[in-house]
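Order of writing sets the chain letters: A, B, C, D, E and F. Residues in each chain are counted from 1.
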Amino acid sequence: MNNPLLTQVVRELTTPESTDTLLFHHSDGHPLPSLSVLTEIVDLCRAILFPGYFGHSGISSHTLPYHTGVNIESLYHKLVDQVKAGLCFAEKSECTHDKAENIAIEFISHLPRLRKLLATDVVAAYEGDPAATSYSEVISCYPAIRAISNFRIAHELHLLGVPLIPRIITEMAHSETGIDIHPAATIGSHFTIDHGTGVVIGATSILGNHVKIYQGVTLGAKSFPLDAQGNPIKGIDRHPILEDNVIVYSNSTILGRVTIGHDAVIGGNVWITEDVPAKAKVLQRR
Amino acid sequence: MNNPLLTQVVRELTTPESTDTLLFHHSDGHPLPSLSVLTEIVDLCRAILFPGYFGHSGISSHTLPYHTGVNIESLYHKLVDQVKAGLCFAEKSECTHDKAENIAIEFISHLPRLRKLLATDVVAAYEGDPAATSYSEVISCYPAIRAISNFRIAHELHLLGVPLIPRIITEMAHSETGIDIHPAATIGSHFTIDHGTGVVIGATSILGNHVKIYQGVTLGAKSFPLDAQGNPIKGIDRHPILEDNVIVYSNSTILGRVTIGHDAVIGGNVWITEDVPAKAKVLQRR
Amino acid sequence: MNNPLLTQVVRELTTPESTDTLLFHHSDGHPLPSLSVLTEIVDLCRAILFPGYFGHSGISSHTLPYHTGVNIESLYHKLVDQVKAGLCFAEKSECTHDKAENIAIEFISHLPRLRKLLATDVVAAYEGDPAATSYSEVISCYPAIRAISNFRIAHELHLLGVPLIPRIITEMAHSETGIDIHPAATIGSHFTIDHGTGVVIGATSILGNHVKIYQGVTLGAKSFPLDAQGNPIKGIDRHPILEDNVIVYSNSTILGRVTIGHDAVIGGNVWITEDVPAKAKVLQRR
Amino acid sequence: MNNPLLTQVVRELTTPESTDTLLFHHSDGHPLPSLSVLTEIVDLCRAILFPGYFGHSGISSHTLPYHTGVNIESLYHKLVDQVKAGLCFAEKSECTHDKAENIAIEFISHLPRLRKLLATDVVAAYEGDPAATSYSEVISCYPAIRAISNFRIAHELHLLGVPLIPRIITEMAHSETGIDIHPAATIGSHFTIDHGTGVVIGATSILGNHVKIYQGVTLGAKSFPLDAQGNPIKGIDRHPILEDNVIVYSNSTILGRVTIGHDAVIGGNVWITEDVPAKAKVLQRR
Amino acid sequence: MNNPLLTQVVRELTTPESTDTLLFHHSDGHPLPSLSVLTEIVDLCRAILFPGYFGHSGISSHTLPYHTGVNIESLYHKLVDQVKAGLCFAEKSECTHDKAENIAIEFISHLPRLRKLLATDVVAAYEGDPAATSYSEVISCYPAIRAISNFRIAHELHLLGVPLIPRIITEMAHSETGIDIHPAATIGSHFTIDHGTGVVIGATSILGNHVKIYQGVTLGAKSFPLDAQGNPIKGIDRHPILEDNVIVYSNSTILGRVTIGHDAVIGGNVWITEDVPAKAKVLQRR
Amino acid sequence: MNNPLLTQVVRELTTPESTDTLLFHHSDGHPLPSLSVLTEIVDLCRAILFPGYFGHSGISSHTLPYHTGVNIESLYHKLVDQVKAGLCFAEKSECTHDKAENIAIEFISHLPRLRKLLATDVVAAYEGDPAATSYSEVISCYPAIRAISNFRIAHELHLLGVPLIPRIITEMAHSETGIDIHPAATIGSHFTIDHGTGVVIGATSILGNHVKIYQGVTLGAKSFPLDAQGNPIKGIDRHPILEDNVIVYSNSTILGRVTIGHDAVIGGNVWITEDVPAKAKVLQRR
């Protein structure tokens, strides 16, 4: 490469004007959360929550305590670092090592509960799919379990006030599975998603227990109220509520803060922007 | 991390009750099939089937026999191990080394036929896409070729009675391409999928030759007959039949054991739950 | 594996007939472009364009010139090799080292402009999403930024006449994000895509500035005019034009060389094959 | 490369005559012991024996049991495979999985004793070197500890009848440290070697407790009795005996089945082929 | 592995008595210096000091500043961490981040001087070896340059009061080259070692300028004065002084605080424990 | 790190004066030979020459041709690149791709002969060591085989006029084994070295067949004739000649262009600077 151009392009790319919006400014020792370490964290959570399936596949009930101990210790150290990076990202004054440690400990203490919750999702996926042959197959293969695991991990971190990281974790699952669940969404037990590609579940959605969703379903916002400056007002409840036992078939779209009553069935390719009563069946007109 | 909590969480996570549904119990030496080895197996199949594109890119017709020999030997050893793991996963009494060897040999003996079949898919993708410039571009870039390769490999293993592994292989392609084809589906020659994200093809689907499908198309089940206990009855033919030369445009949904007759064209965003006669054109009403 | 079969399968897989369409024939020293090196190239572009987010996360304004210099030098060398491989792929007579160098230099000289353009996309994503908390979050997490970055990089290479590589780069993003933008498409500033899974933007699409698109939207071709031999005629303008400020909500499909006038809003799940006037609102009938 | 030559060289290199002495013939599934797995095995032994120094450096007394459990399980599985490979290498009829398991279990049960023995070597190195500042420094840095650890591990495997592997393990240390101890040598507690490069300790050497040796010292064989065919007779005691508290300074050579009595001191650059009485001092003449 | 034994061995290996001398006790966040990071540090120093030979081999004078800047930044961060670990290893109260930063900065500010010094060693090796064809060959291949580089780096860190790490760095070179130079030794400019295997240079040795040493040479201590408890007294000057232009041929041994006068030549296989006058020639008697 | 210092050190380290002797100047595309690629080349040679021991350990006589073909092709491509880098290193005008190809082809055509020669070294090591149990053990474990293999490979490249690379390859073995054989030395068949650490064999040494050498032996130069400028005259025969069947025991030194007659035995720790008649026995005086 002819050198004057190299020098010139480097100069252009390092002027303050050029980097103004796009260079992440941070003080020494406060880098961004690391995608690769967060991937390790999620893998450790999976290894702890689903022993024998992820992580060390030759695990037995005799060696389970050893592996669990080592994995939790490793998870703790990685989590403290990343949570601290997330806190510093959002607000420098808040990012103490102590605060990060407390959050990591709190998160880890919730793992037994998280495992119980995920077990209900496995059962739901198995029972709802005639092609499923065993819980083991569901845990090993089903993208829904992968996406819901990431969501439930991310949601715990979201509730503990960790910035940025929950979103990165759900976007990992989005990339792997095509299922995009915002970490702030509220989702009950026995949740399942079939096939899943194209599913979107917005930040203020609330789903009861035993909800089932198919590929291509959007639980989105209808429109964004604007503030005086014309910017979308942030933090308003703008996504649907699905009560217990609701099923939404493929490629349907439910928009806005509407309520789909318990035991309702929404057919495929349907567009809904209003409340649906309990036990109703809504189908596309032909 | 303060140690009492670590000890306590390890204890909670290793009680029999906590691990009951979620710990994979297996005897020594019988771990689960390995996702990373299966990835290597699929990569070896691609290197063997599409020499020069995948694997060793500098291959020439002179060195082709050497590379093919080495790749097949490697494929054989990895396949025997993984097939045995899959057999043991499903039923311990069935998982002999001999049985795994026979299946691996049988699979490898089908590779020449598989290559001929995949060649028809390449031709179909090239001829059906005005943006395609050469067979080489299609093989190198098109996600459909990746998804269909995985499907055809997985389908062979499915026909040979290998449990679990075929599904893992099609889910790999699902994750990479957003195309979800059940390994049990029956699909003829010259099959192509354009763009592909969101495509779902169910387990009992039957597709003839020269079928073309666009992104977001679902070939699904309408409803699941329940048995006396209210569980879905497994193994019933519940997905569509698409005869030769059928085209289904983007985001359409075809549900249930319906037949789309040969040369029929299904437009985009259409919802179909009944038979469609040969040569018909079905479009969304506006 | 019993050896006669190994020998026989190797022989079957290396006959000229068997490899005819599927073996990539190339002379020594002219292998195909490498997927893994192209991945490194895209990662280097991201590190240069978004310093502090991708690549070396501890970068500061003081060390920015060093990192930028090293990254551009590395990008240059990798790009020359890959561009040459792409040129040779398409036509051996055209693939000189000099030509590849000129293209690489030209591409690198456009990086400052590319960064300014991508900055407008970041602003658009931030302003259009009530859930976005900062530019940093958008750059770090949003799949749209990843997909649009790849597209804009690929588009520059497309304009410089590089074969194959632009398509491979947009397919990388397609696999990661489910967003499939053809590198030949023309897209203005302040472009954003929400969620994005299932989006398809065809090769001859033209999008103005400030366009916003939601998940599952297709900008496709209606039908392909065939030539005398019944093959699709390549190179015809066959995809939509979206003027400035157009919004298209989720899962809608716009087909053919139609024009969606400026400031028009296309609702979700809509099927459009005709022009839409400026400022119009098109909604699905219920 | 011009192809006829490639084909010809391949042919020459694969004739039976060409490979006769040099191709390792083995049946499927019985490859040679793996250098890289044996390296992992030695690293695991070091991590178990010297917790906090090798392997996971952040280990604490609280997490020690978890790490020890995981490491021993991993060691066991790797050891069974490698021991079996070693047994098959020596004699096919002897290489059952059961035998390999018994040897691995026996070896692991000796680890607590091995650690006690190695602790005496650490103490000896520390006390004998004015430059040593702490046990920790000795364990972390001193090549003697590395070489003696490998020797003691290899010696246990040698006593258990494992072929080939003990020699590979001491040759690893030979390569790293220049210290060549045959795994069959008998060496007491509190053994230390200073600097160590060039030390050779032959197979039938016997060393008491508290022996100290400097760089370049050879404990070798004087001459080999030949059998009727003129071949060296294998298995004869042909190396020196060093009783307790013997010191041998740098570059001295002791050859043959001679006895160096307890508390003797052998100066540097000395050549000894006869017994040395207890407490004697042998120096080079000037 | 049968589980009772596993449990029992784990228990035996984790009792306080068993780990007493051999478990490195440290508080959280203060692990030992890392061998692999120290290897990276030495590699970075080599890349900075010998640009074009180590690290990025395609470097040119135009891109040299970029690479140097990136390497020094990386070196700084790694060095701060490792120096801190070394300080904590020796004495917890001393190991502040600030102190580590100051040492790292001081070390880096000496790099230009270190490079000048190493250049004299390269010149000396080239001029003293009839087989050397160029400075480049000497830098690329000669183990002496590798060993002396590590020594000079380690010596700087030693002078800055860093514990443990200097010794680890010279032991790396010892393992690679068989040359064992204590980091506390004092060595002038234009130092060279031919072949080098087996060379030992003790901690209190002092070497002038233009000294040349051959393989197997020991500059050692004669005997250790013991304190009242019978332990070697640490810190006494106990190794030789070699004045300017001294040559010591292969396998000779010089012991104790003797002085070899300037321009003296010590032949091979000689044993010296007394002063040698300037310009003397000492040869082995035959 | 405080930035002014960083900037200043970078500036100091990049001045022309600072880099004058130590920056390797080369034109684009002509980097130095790569240590890691040369390591791969040596590993490929070992895999080809000792099939089943190095490289793919599961190789059988049936799959040998496939592996040999793939390995030779890979060796060829790597060798062409590295030989070209070596040629350019020495003299730019000489480094054409064609020349590098011819050398690589010539080298590969000698591999069958090289294997026969190495087989004699294996036999010699086995027959000369009472501790050796099989040829396989010798090939797998003995550092002498590793060092002699590297020497014989390097010597072939030296005879073909390749600069720098032969020396790098013998230095690799020097680092691993402590055996330093100059690639220009001339060594007959059935050569063996026992233990080997510290062995030095100079550039103009000539060894007949069936020579055996022990650890610490130097075959060196006595003194260097100086030219008018006081520089050592390069290229003079200055190392010993050892005729057939000579044995040299440990730590002996033979210096200068002396001849050790056939069947002579040189004892340990002996210093020789004059001719030794055939069949003589030379021992150290006591």
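By our rule, contacts are C-beta pairs under 8 Å (C-beta built on N, C-alpha and C of every residue); 3 or more make two chains touch, one makes a residue touch a chain.
The model shown is predicted, which means the values in this text are computed figures rather than measured ones.
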item: Other chains in touch with both subunit B and subunit D; value: A, F
item: Chain at maximum distance from subunit A, centres defined as averaged CA atoms; value: F
item: For subunit A paired with subunit D, centre-to-centre distance based on mean C-alpha positions, whole Å; value: 52
item: Separation of subunit D from subunit E, taking each centre as the mean of its C-alpha atoms, in whole Å; value: 26
item: Distance between the centres, which are taken as Cα means, of subunit E and subunit B, whole angstrom; value: 58
item: Multi-partner residues of subunit E (at least 2 other chains); value: 6, 10, 58, 63, 65-66, 68-69, 73, 77, 178, 197-198, 216, 251, 269
item: Subunit C-touching residues of subunit B, taken from the complex the two chains share; value: 48-53, 57-61, 64-65, 68-69, 72-73, 76-77, 101, 104-105, 108-109, 111-112, 115-116, 118-119, 122-123, 127-131, 133, 135-137, 139-143, 176-178, 195, 197-198, 214-216, 250-251, 268-269, 284, 286
item: Residue ranges of subunit E touching subunit C (in the complex, touch as defined); value: 58, 63, 65-70, 73, 77
item: Touch list for subunit E against partner subunit D, complex; value: 1-2, 5-6, 9-14, 16, 18-19, 21-26, 28, 31-34, 89-90, 163-164, 167-168, 171, 174-175, 178, 180, 182, 184, 197-198, 200, 202-203, 216, 218, 220-221, 224, 231-236, 238, 251, 253, 255, 269, 271
